[in-house]
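Note that chain A is present in both complexes that follow, paired respectively with chain B and with chain C.
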Partner chain A sequence: MKYIKQVLGGDLRQYTMVVALGLLILIFNVISDGRMLTSSNFQNLLSGNAYVLVLALGMLMVIVIGQIDLSVGSVAGFAGMVMALVAKNYNVPWWVAVLIALAIGILAGAWHGFFLSQLGIPGFITTLGGMMIFRGGVIWISRSISVPAPEELKWFGAGYLPEWGPSFTGMNNSTLVLGLIGIVCFAVGQIRKYNRSKNSPVGETPLWAVVTRIALMTVLIGYFTYLFGSGRVGTSFPVPGLILLLLTIIYHIITQRTKFGRHVYAVGGNKAAAALSGVNVKRTYFLTMMNMSFLAAVAGILFVGRSTAAGPADGTSWEMDAIASVFIGGAAVSGGVGTILATIVGGMVMAVLNNGLMLMGVGADKTQVIKGFVLLAAVAFDVYNKKNGKSSIIGRIFSK
Partner chain B sequence: MERNSYILQMQGITKEFPGVRALDDVNLNVHTGSIHAICGENGAGKSTLMKVLSGVYPYGTYDGKIIYMGQEMKFKNIKESEHAGIAIIHQELTMIPELSITENIFMGNEITHKGLINWAEERAKTSEILKKVGLTINPDTLIKHLGVGQQQLVEIAKALSKNVKLLILDEPTSALNEADSANLLELMKGLRDKGITCIMISHKLNEIAEVSDAVTVIRDGHTVESYDVEAGKVDEDQIIKSMVGRSIENRYPEHEPKIGDIIFEVKNWCIEDPEVAGRMVCKNSSFNVRAGEIVGFAGLMGAGRTELMRSIFGKNYGIYRGGSIKIKGREVTLNSVEQAIKNGIAYVPEDRKNLGLNLLDSIRKTVVSADLDKITKGGLLSPDMEQSAAEEYRKSLKIKTSSIDVGVTTLSGGNQQKVVLSKWMFTEPDILILDEPTRGIDVGAKYEIYKLIHQLADQGKAVILVSSELPELLGMADRIYTIFEGTITGEMMSYEANQESLMKKMTITSNS
Partner chain C sequence: MKKRTLLSMAMVATMAFATFTGCGGSREGAATTDTAAETTEEAATTETTAEESFPGFEDGATIGVSLPWLGTQNWKEAEEMFTAQLEEAGYKPIVQAADQKVTQQQQQIESMIENGAKVIVVGPVDGSQLGAVLEQAKEAGVYVIGYDRLLENTSGVDGVVQFGSVKTGELQAQALLQGLEEKKGEPPYNIELFGGGPADPNAPNFFTGAMSVLQPKIDDGTLVVVSGQTDFTQCATVDWDNAKAQSRMDSLLAGNYSDKEIDGVLSPNDGIARAIITSCENAGQEIPVVSGLDAENESVEWVWSGRQYSTVAKPTNDLVAKTIEIIDSLKAGNGMPATDVEVDNGVKNVRIYELPPVVVTKDNAKEVFANDPSRLELLK
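And now, the complex of A and B:
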């Protein structure tokens, strides 16, 4: 046990949800006779859930400041619809339409942010209004009809990385390179951390633990690289997955390593103390809400790309999936606690549940019921642990 | 009703909290049909005593006897004491603003008929009770539409509706203007004449002198003095003496001040209460601080010390109604806390847990939190710089912890305060405002914090020390301002001041 602790670094409870995710994947794989862990299934799983996870990234920050955003599904649908309409009716290049969609996201967020930060109307109300306004807006401008999207967008929503180079690797070489980059980055990060720990008064992390850690991660990344890269020719790690990966890294850095990120946690943890430490609380509220709707637009674009058309019902109840992901990831309802990486794990739990139950032939109705119970169980477990004076289970995963 | 019999006798009340003896063998005897004043400094034990009496601290958690109307009482909760006819009117009003006077008065005691509220009867009874406290307003008026003074009267009316025999008023006039205060005192006299006994806790000695029949002074959890007086002939100086009468022991480190030029100057500062329109929390306050000087601010709770400091700190409190700030001779406008920090001001708030710290944070994140720019390299926060900063303060301030990565909640009060001080020292301020920096900290840690304050002053910083403890101010400050009801009432060099002279200026006495 002590050795496992040293490898994982500290509190094992943090990894509960990661372990749960791993077990879930393995169990579903057994039950579905190996249909879970196949290239095509995982490619689908990732591109089919990337948009919800993108929403969850923004939602995490919204929940950390102690607010909630109910409008994200509507905003995503609205931005996607405007993009499709602009591209179809005004004959502009696809990328102009994308920029317009993103701008709409930013404006919608500024709208919500204004009411929250300047007038002090709680985010729940502000975005409940936004939810209706933008949902109505989508139906209005589309006249309730689906609008085909530019062909080029398909690459963003469901595309694959290019094939190139030698074929003796037996897999998609873009995916291979991606996997190698991942392994190298992790290893370099660990070694730098190890060097830093030499000066730490807590004591140096044993070298063997660092090596084991790197080895374990290499096997894990290596396996998924193989899984994604060895599918049917022409497939690879999906493009929406790559976009999600990049956004995850960017938002991980924003929340953990920037002044703005610190302010988000400070405002959520203790608003009055934050204000007395020079944090502009209103500005933090405004930017967080604006960022959320910007990411909603990104999610809308990914979804339209994947389904090749913008529909009037796009985005319906996405906010619920995004909020569930954040809470399964251990964020606190009262704000101040939660991380991007844990949120991604929470979102993946939801995605794997959806996918696995579908593979087992369970209907959408029962899937919904099961997801509801999982959400309650995860949060109840978290609350129970906190009440007993233990730190959040995975709320602080990888933080520091 | 006979004047000489006791309605209440509290005998040998002792109440301990972990590590502190808040009350030590306190005796209180209150005559039936009198107004009995209880005086004492902040933290002397007055409120604890009242909580023992009203059952907030149930029987068994304290030692001693409560004899009320000739019987020994063993209250388990407030309900029981209320039932016996004891009511407390708290400093903070406890009514529900969105409900009407009637609803508030009968809250929890609704008059019902077959499960439905009998509004007609409740309303009629309310009008009747309101008349007793001299209010002639519609009982359907919502509480939020009443002034503070009227709310207080409704609060008293509510107590009367429950057939109260002993009414306890905790700082009843602290939030009232003069006319309302006078009105309230008149009402108290009227109630006394109707046989209702009042216990009044107050800092306002002139008011005590005006109405009380007996005075008990509590200091450091002991009854110091208790005697009958004749209303209008109370010796205020004697009360002050017994309130503070303790010698300053050698609890403060030696220090030779190196005082330079004036670097911080506030002129005619005026701030309005954000919640009560028209009530000025600071009235034309002017003061200055020199480099290397420790300037104390003495004032009782609610005098407006904290409000003054927070409004200076980037208008963090209240509505600005005029005044100017000069730092090193240059006039500055500070509209946000961020600007205040940039201009070299730091403010350590009195309420450590609610205002000073984010309790979810670790030590390392807290130390750097007021100046993140200092650890930013290429747009990103540097964990290395953060770590070395936190480690540096951990060592220099001797913060007792296993690691800087642990949460601040794991620390003791003294160590938490050191973390808060680190946070502000990290911003390298020129002007350091410390609001009750040693509250809730044990003696040893206090001494360390005092030494730290001296070090900061020796570095040429202007230090403002706000404190409720007069010995602390006399032991630490070079110069002391006194403040009462938002007005700076005096300025003294600390070598010429003593507790009595300060206390005189912190309370309003009729002969001043």
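And now, the complex of A and C:
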């Protein structure tokens, strides 16, 4: 027991949700006769859920500051529709259309941020308004008709990395390189941490624990590299997955390592105390809301790319999926608690549930019921543990 | 608790490790690429010559059916009929509905590919938003048949089974004219126009078909569209939502008919027809002549009692039977059956298998439903 603790570097209970995710995957894999853990299914899983997870990244920060954003689905739909329309009607290159969509996201976010930070209107109301404004806007500008998107965008929403180099590796070499980078980064990070722990007052982490940790992670990343890389020729780790991965790393760093990130947690934890200690609360509110809508535009672009067309109903109720992911990932309803990585795990739990139940042929009605119970159970479990004086189980996964 | 967590963690680790080490690298690099290239070439020639050998499949093959939702009677019927008739024909059906969500449908189709389906029948939520997923099905060697609605903007579709949608619109308009002459005396007649959900590629076709009959009559003054709204986007009903149609009718009546009588309304389906009739009743108008579509039970009753003038039956049974006939042909290795009609879906010409719809009024209801005991039951 003690050894395992040392390997994982902390309280075992932190890993409940990760273990649940792993078990879920394995159970579905057994029930579906091995159709869960296949290259194509995991590629689909990532391509098909990247947009929700991208939204969840922004939503985590919004929830941490103690607000909520209901407009993300509508903003995503609106940005995607503007992009498709601009590309179709004004004959501009696809990347110009993408930049316009991102700009729309930023403007929409600034709009929400302005009302929240300057006028002090609660985020719930501001974004409820935004939800209606942008949903109406989508229908208005599209005249309720789907608009085909530029062909190039498909790469963002459903594309794969290039094939190159020798074929003796037996996989897509882009994916292989990606996996190797992942392993090296993890190992380097662990070794640096180990070196630092030599001088720490808590005491040195045993070397064997560090080595085991690296070995376990190598196996895990190696397995997924193999899974993603060994699919049909021409497929690889999917592009939307890569975009999600990059955004996850960026936002993990922003929330954990930067001043702005610390301000986000400070404002969410105790607004008054944060203001007294010199945190610019208004600015934090504004930037968080702006960032959310920016990510909503990214999600909209990914989705349009995958669908090959922007439709008038795009984005309907996406906010709910994003919010569910954040809470399953252990964020606190009252704000101040929650991490990016735990949110991704929470989102993956939802995605895997969805995917596994579909593979089993369970209908949409029952899937919905099951997802509802899972959300409730995860949050109840979290709250129960907090009440009993234990630290938030899920919420602090990986933090520090 | 702790022990169990520990145990499961160990399990995860060992299983992950076992799976990882257990699989030898098996990407047949260059060789596979060659075959892939060949298949693409083959696919290219298929499109040009149209006559090609199609690989069949064995008995008991998995057939996926992805429907948009189960919220109207025709889709619920389709779900039940596909399940029963595919099983009867010796296939293994996976029939799922997407709850009107494009994302859900995309994922369902992917999981059908994953489940090894040989044919996937798709009644799309939005016919133009399945491009990437259907191309994935095509690459996996799955046949894709569009059901009831055209699949646009993708090369991954082999054919579409549907009722002639322009024809349906023509029939609706003819029934409306016939009803007006029968019930509302001498022209001119005051009418209003309703269209279906714009995301459904059939909806503009219904409207176009109907307008091809109505426009000449509007031009010669027989028909008067009092609100002046004759453009499809003005008349469309988002998502085929009855509530939206009812509120549009409410405002049309309030805005234009305070001193006039409404004589007829072109309605694209039965749900919207009933919403329109309800709205007219609430506004104190005499019930106008209203067209419909789908022969839903409630509307069949209304047609029988004279509240709704007509509906158009698109017997789901015929559509399902035709689809299964195509699946049988694919199974035998004969490919898609020949057809006269082809439609450009934006990327390629798609074979369309059109079935004729049937107008139902009180006069012919008993004949039309002679072989449909459940609906015949309603005509009493």
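Rule of thumb we're sticking to: the second predicted complex is superposed on the first by the 400 of 400 C-alpha atoms of A that agree within 3 Å, B and C clash if a C-alpha of one lies under 4 Å from a C-alpha of the other, contacts with A are read in each partner's own complex, and residues count from 1 in each chain.
Following the convention adopted for this analysis, a residue touches a chain if its C-beta (ideal position, glycine included) is under 8 Å from a C-beta of that chain, and two chains touch if they have at least 3 such contacts.
Just so you know, these numbers come straight off a predicted model, no measurement behind them.
In the superposition on chain A, contact of A:R35 is made with chain C only, not with chain B.
In the superposition on chain A, A:L23 makes contact with chain C only, not with chain B. Once the two complexes are overlaid on the shared chain, A:P240 sits clear of chain B and of chain C alike. Taking chain B and chain C in turn and counting the residues of chain A each one touches, the greater count comes from C. Once chain A of one complex is fitted onto chain A of the other, the partner contacts of A:G336 are limited to chain B, with no touch recorded for chain C. Once the two complexes are overlaid on the shared chain, A:G77 sits clear of chain B and of chain C alike. Within the complex formed with chain A, the residues of chain B that make contact are 310, 313-314, 316, 336-338, 340-341, 347, 349, 354-361, 365, 369-373, 376, 379-381, 383-384, 387, 391, 403, 405, 407, 423.
Those residues of chain A that touch chain C in the shared complex are 1, 4, 12-13, 15-16, 19, 22-23, 26, 35, 37-38, 40-41, 44, 48, 139, 143-146, 148, 154, 157-158, 163, 166-171, 216, 219-220, 222-223, 226, 230, 232-234, 303, 305-309, 311-314, 316, 354-355, 358-359, 361, 363-365, 368. Within the complex, the chain C residues that touch chain A are 2, 5-6, 8-9, 11-13, 15-17, 19-20, 23, 25-27, 29-30, 32-33, 36, 94, 96-104, 106-108, 110-111, 113-115, 126, 128-133, 136, 139-140, 152-154, 197-199, 233, 236, 238-239, 346.
Of all the residues in chain A, the ones that touch chain B in their complex are 196, 200-202, 253, 257-259, 262, 265-266, 269-270, 272-280, 336-337, 391, 400.
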